[in-house]
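I'd like to ask some things about the structure below.
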């Protein structure tokens, strides 16, 4: 998915294929990527495979899940399964577009302010700090509700334009530390130009940070989009999981006992969020190997006890006699 | 000291930026409050009422944006946030004054508690890495991926009802008059449990994870090994050495993510009809109540700034390296 | 939804009536003139301040019931009103209510356009003893209800206010049977006065609770925490009445105001009345009523004139008495083909050969309207029209209607004691503004008909009933011919109530007034409530 | 050190890079009250250093941590602008900031960093690193073969053979010694005249240090490079360098022929340094108590000789006057900036 | 010698479990005698730290002690096996009997606690009944011992210079008067001048307090000067062990010889140095036989096949030194 695309797009080229394989070999990352891939596929084919037009009214009103309607129907007889399926596209679109917008901005602001330093750098850094402390969601709600028309595009842009600050800050810190690395100095001493240093020496080393920031923003964007739809600020932008929840809420689905109206969309959100979080864990562990689970964590000693591997108390497996000489 | 001064300067600047953003965004809105009121009334208001409303709200006057901005700044300086349109002619400050204590109580309390509990749980999970406690991680990941409001809806669906102990809406029993009596406080607690639990569960998860990661990272620092080597009791090593240091990035992370958290928690107020700023903001947006919206946004932002500043102070107290003598 | 369900059960005994509204937290503002005040939004101003007379919107033919005014006389073709004010009425602070106060109230409205929500053009007012006369610049036949419903405020208090428009009236003094006891953002409590000019109400205390939203209000009704409310409940049987079918009631009588699909009569091809008439023939009003309006909220209107029945029964012209619209696709098709429309397979083509499409706009959050439009969309597809439902945010939508930037939309009309208000909203040429120009107060469809405009004027200015009847018949004919709005539903004067603790509510058998807690008649209702046996 | 003494120390060999009066004060952020006061405070990282690098010779710069060695190297590489002082490359004064002029300068003066683990970008292959060095300085040739040939030459020159085996490796796939060789190859890619080696072996394992040092020496001999060898290990300076300069707190305190400086240290600091260096041959009894205390703050350096607070021989003049370099006659070019050898004392 | 304090027998330490475990310390036998300084030298990755942490069981995961014994001889008691202790015993044993000083003092001191806290908490942990005042007095005493003004007690680690921090660590190590102090490259991050000051102090203290030291470094010339005996590690094994002077004068193992010839001398004639060709072995794929043979200038055929056993070489019969090299086949295997 897009995480990989980012990795491939940057000239990180092949920080040894082995390293990337290690990322994919991480069970968390793999689970996340597979889930994410599934959602991406649904985003593409969802509208085609949806059994019904999500807005189409049917004869079965407020029916629970059944063979015909897997997730049941709404008060108008609309098929909730189709709504969730069709809604995936909007969710993925907004999430990823906002992620891309925010990531591009954060890279621009973060890396520039980190590398350049001086007044400009400080100014950019102050700017991102300002955006950081201003509560994002209320801001997004206010901006979105002030838009004359809300489409997925405008929502994605609003979210993207307001949520880059966190990543910019992280990137700036990273860049500041990279800037002092010897290899950057060495490239400078070799006579590389500034933009080449930023692009080819610093940026590739930020890939993981950028990717992780991207994934984080996607999570935030997805939740924000759903929130906006749920509180009715952007219901007009078409079907997404938030719209489904909005209708469920406005028809008092829970009071009516129509759990099927709430649960699938909510679970889909949680699942997508989990998938993205898992990918992020994968990236974290990829960057900082200490966090990795590291295989087995408990050992059987010779006298049959099981001990946990832990800092400060190295387990002892056996005694001198129990061990055969290794080749 | 200089660190503090710098932070204060930064907060002042941010406050100004927030005030300005806050002013301009609602101005760009296309609708006007009278129309919003009409649409809200939906047939309950005759067309004749419209003109009277324009007159009432003083929207028949023309004033340039710059003039409005400076008038706004001047009023702010006097603590005057204007009059709410929805609750005309109640001053915004008064409307917010009604909602703020609830938000501070619910959101403030739960955010801090969530941080503390999450940090404590993360400490344990990170310390006892490889034990059953690790099972908490997938659970918390999942929980932290659920939007606050959905969790709240589930809680309402599953736990409230005619015979339930948990009320689904409000901040206290409607039959009570607020006061410092046992019954009222009991009612507030009773009404607060579910929203608080919702916020706690979803906000704690993030802290558990980040604290766990920090613990895992810190646990392999030399000074922790030294602490073990010194034969210190386990508790002392875990709390005084590992957690104490792992806490530092978490505290600054806490300060930075306050903005995000508060945004999320406001939604819980909407779901639980908790009469705080979140619910007010929701209503104000719906009613195009510029002054109220501005006021709420401003108050939220300033509170977050203040909280940030407190977190900064906490960091200052926790990390001796930021304390410079002289 | 507070768990204290016992609270409901005991309230009959201890004289408490629990009223609920889904209006969110309130701020303390008891100014009865301001719609933004808690007193208006929750409706408790009705129990504190009293009107001149009670008007039964549900049965408009019923004479007004004297309240503060014991008698009145119109003269000069409804431009002059002489009122006799009831003696022995006192304000809650003990001072007597006199004609002075009534005259002062009219003056107040005249001098503060911001307070004059109803827009009644009050002229010269005089008061002497219990006699008050008020003059109007033009005939006020159509505004009678507004005038008699006007509540009266005490001069000795209101004359001290510097600016009554921004006055929050912390301690309201009225002539009604209740006074304000306590205010919290969630709950307002009123208690019965010791002295009142009528028999004292059996209800000793009224608690108005403002729930955050419809969900919360519905739950409160279902648990019995609210005994009286006005809220939209989807699937009310499941959520509300089934919880206690014996006591939980809702009664939604139609009043003379309607909802329907407005066409922009300046937008092609919808400027063609034949097309609009055809749509009228295929709109399934039963579906709209059952699905969009949950089977009760806005009662179905199916007379071809758009007149809600039974409320407006008496106004219907004889020729349309039994003209009930039912879905008739064939008739619609015939109507179309007779007027130059053609069918290309399933697709309808207008006389110029272009396919007919219909874009219907609606604020995104208005679930009943959206549902109505989804149904209409479905219906018109039967006659080959491809319709879309365009969800907008409420502001854009309001603006679009205001400036005529739409093709079709669900909207409402004004309501009043006669059909005048409905037709005036739809067809009054005096309200006409060209497309692009805003500030319009009705006639969103930009309907232009000199005949209609004249009929409306005739009605308003007529001195005798016959002229009015005739004018109304003209309007009905025009409506049926031009169909600027496909009227689907009536406005309601309804509400939900529980008979568990209190009985005496209006219902079909005793429709003495609408049962909305915020309307004027709320006072009448409360006065009639008796503890359940 | 004066020009004449340096020249004397090295006979007549051609001077490539020459620094005189080189000074670097890093500005430090003002805080609080200082904002109001004018006048700049700064880290006096390097003060008034004269240095001459000659073709085919290794000059060592020795000193404890923080004494300003790396800063000198960076100034010579023009990675930092100097606060004052002049640099002459091949006799011409150089003033470079960025861009073309900097490239032209860096073509002739190249630098090798202390940590081979950090000085190669982990995301690029050996090929990338070397190709860039060649391309920047226009030595990549016209065709792909030219480039390949140039790469092979470079790797062979630093004794990484067969070259193909290393070209497409990432830094983390190489051992420390191999990485440092790649770093050297990159520096050689520019075909420089001066090589500034900032502690090139201190991060390497003891057993492979010598390999790299021997390689550098070999290159010096074959390519007639002028090498500045920075180290804190005075024994390796003796082993590797022709001349040795000792820095203390930003100033050069002693210099001259390596053998003379290490065997007959004149400055009390050099003596302390040499006494402190681990020496298996040292008789245990000889272990006399050297100076104590710590290096001074460079923000507020002591007046006079910067070593005076720790110096067992400190005199009054040491606390007020900065000692100029006094030539000593026990070795070629040997000098010490110490009042002990001042006119009065030495006379 | 008979007065051993710490005896390591057949110690094997792995990273990881099962098939993909890395055997970082192999079959190490080593004895530390009372009051001596035992130097442990070897190039990077040879397993010095792993050995030190393994025998104190401070190795972080995935390190495990695969097998072996670490016998600690208490005064007049039976030896106890550190590897058999449970956590509580281990805690009581640590610091009271063996203390450890790490390489980077900045990293060894908790940055958020005052020096005093870190000095006193160890006393408190082992002697809960001590009073706060007595603990503070002891902390002051310890600082004085390592030459730091007692008013530094209230400092945080970042307020001290590198040398001072390292001294604080040494002082802390002596807080409970342990009999063994293990030092893993305690001075590498320091300047030579400071390094010498600290080592000198250490030697003084050892003479006064009589503890034994395991001193780990890769700087052989330092060891030769400061330690009594030296053990050389290569590829996880001890390849030679001898008195410092013997080893310096007459290294038996070619690796020891190579190491000694990697340090340029400050005095004496300038000799040509060669270093050791090749790179250290990869622990995952160790060469067969003697792991040094691919780099060894004197390797024989046998070296690639058989692992030499550490023991007193036949040609040095009766001496107190052992070597694992086929050039000096073992005469008398002590174990």
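For clarity, chains are labelled A, B, C, D and E in written order, and residue numbers in each chain start from 1.
Here, a residue touches a chain if its C-beta (ideal position, glycine included) is under 8 Å from a C-beta of that chain, and two chains touch if they have at least 3 such contacts.
This one's a predicted model, so the numbers in the text were calculated from it and none came from an experiment.
K.L.:
What is the graph distance from chain C to chain D, where chains are linked when they touch?
P.N.:
Step count on the best path from chain C to chain D: 2.
K.L.:
If you check the contacts of chain B and chain C, which chains show up for both?
P.N.:
A
K.L.:
Compute the distance, rounded to whole Å, between the mean C-alpha positions of chain A and chain E.
P.N.:
Between these chains, centre-to-centre, one finds 47 Å.
K.L.:
What whole-number Å value describes the gap between the mean CA coordinates of chain C and chain E?
P.N.:
That pair's centroid distance is 92 Å.
K.L.:
Between chain D and chain E, what distance separates the C-alpha centroids? Give it in angstrom.
P.N.:
That pair's centroid distance is 33 Å.
K.L.:
Distance-wise, how many Å sit between the C-alpha centres of chain A and chain B, to the nearest whole number?
P.N.:
So the centre of chain A lies 23 Å away from the centre of chain B.
K.L.:
What are the residues of chain C that contact at least two other chains?
P.N.:
Where chain C meets two or more other chains at a single residue, that happens at 215, 219, 222, 395-396.
K.L.:
Which residues of chain A are in contact with two or more other chains?
P.N.:
145, 148, 232-233, 249, 297, 309-313
K.L.:
Going through chain E residue by residue, note those that touch at least 2 other chains and give them in order.
P.N.:
53, 58, 60-61, 87, 90 - these are the residues of chain E that touch more than one other chain.
K.L.:
Help me check something: in the complex, which residues belonging to chain B touch chain C?
P.N.:
Touch list, chain B to chain C: 29-32, 35-43, 45-53, 55-56, 83-90, 94-95, 98-99, 160, 162-178, 273-275, 279-280, 283, 286, 288.
K.L.:
Which chain C residues qualify as touching chain B in the complex?
P.N.:
Of all residues in chain C, those touching chain B are 1-5, 7, 24-29, 31, 34-38, 113-120, 165-168, 182, 184-187, 207, 209, 211-213, 215-216, 219, 222-223, 225, 243, 257, 259, 363, 366, 394-399, 402, 412-415, 421, 425, 441-442, 491.
K.L.:
Using the touch definition up top, name the residues of chain C that touch chain A in the complex.
P.N.:
214-215, 218-219, 222, 233-235, 238-239, 291, 364-365, 367, 371, 374-375, 378, 389-393, 395-396
K.L.:
Give the list of chain E residues in touch with chain B in this complex.
P.N.:
53, 56, 58, 60-61, 87, 90-96, 99-100, 102, 104, 107-114, 121-122, 125-126, 156, 158, 172
K.L.:
Sort out for me which residues of chain A touch chain B in the complex.
P.N.:
126, 129-130, 132-143, 145-146, 148, 166, 169, 219-220, 223, 226-227, 230-233, 245, 249, 254, 259, 262, 266, 269-274, 276-278, 281, 284, 288, 290-291, 297-298, 308-313
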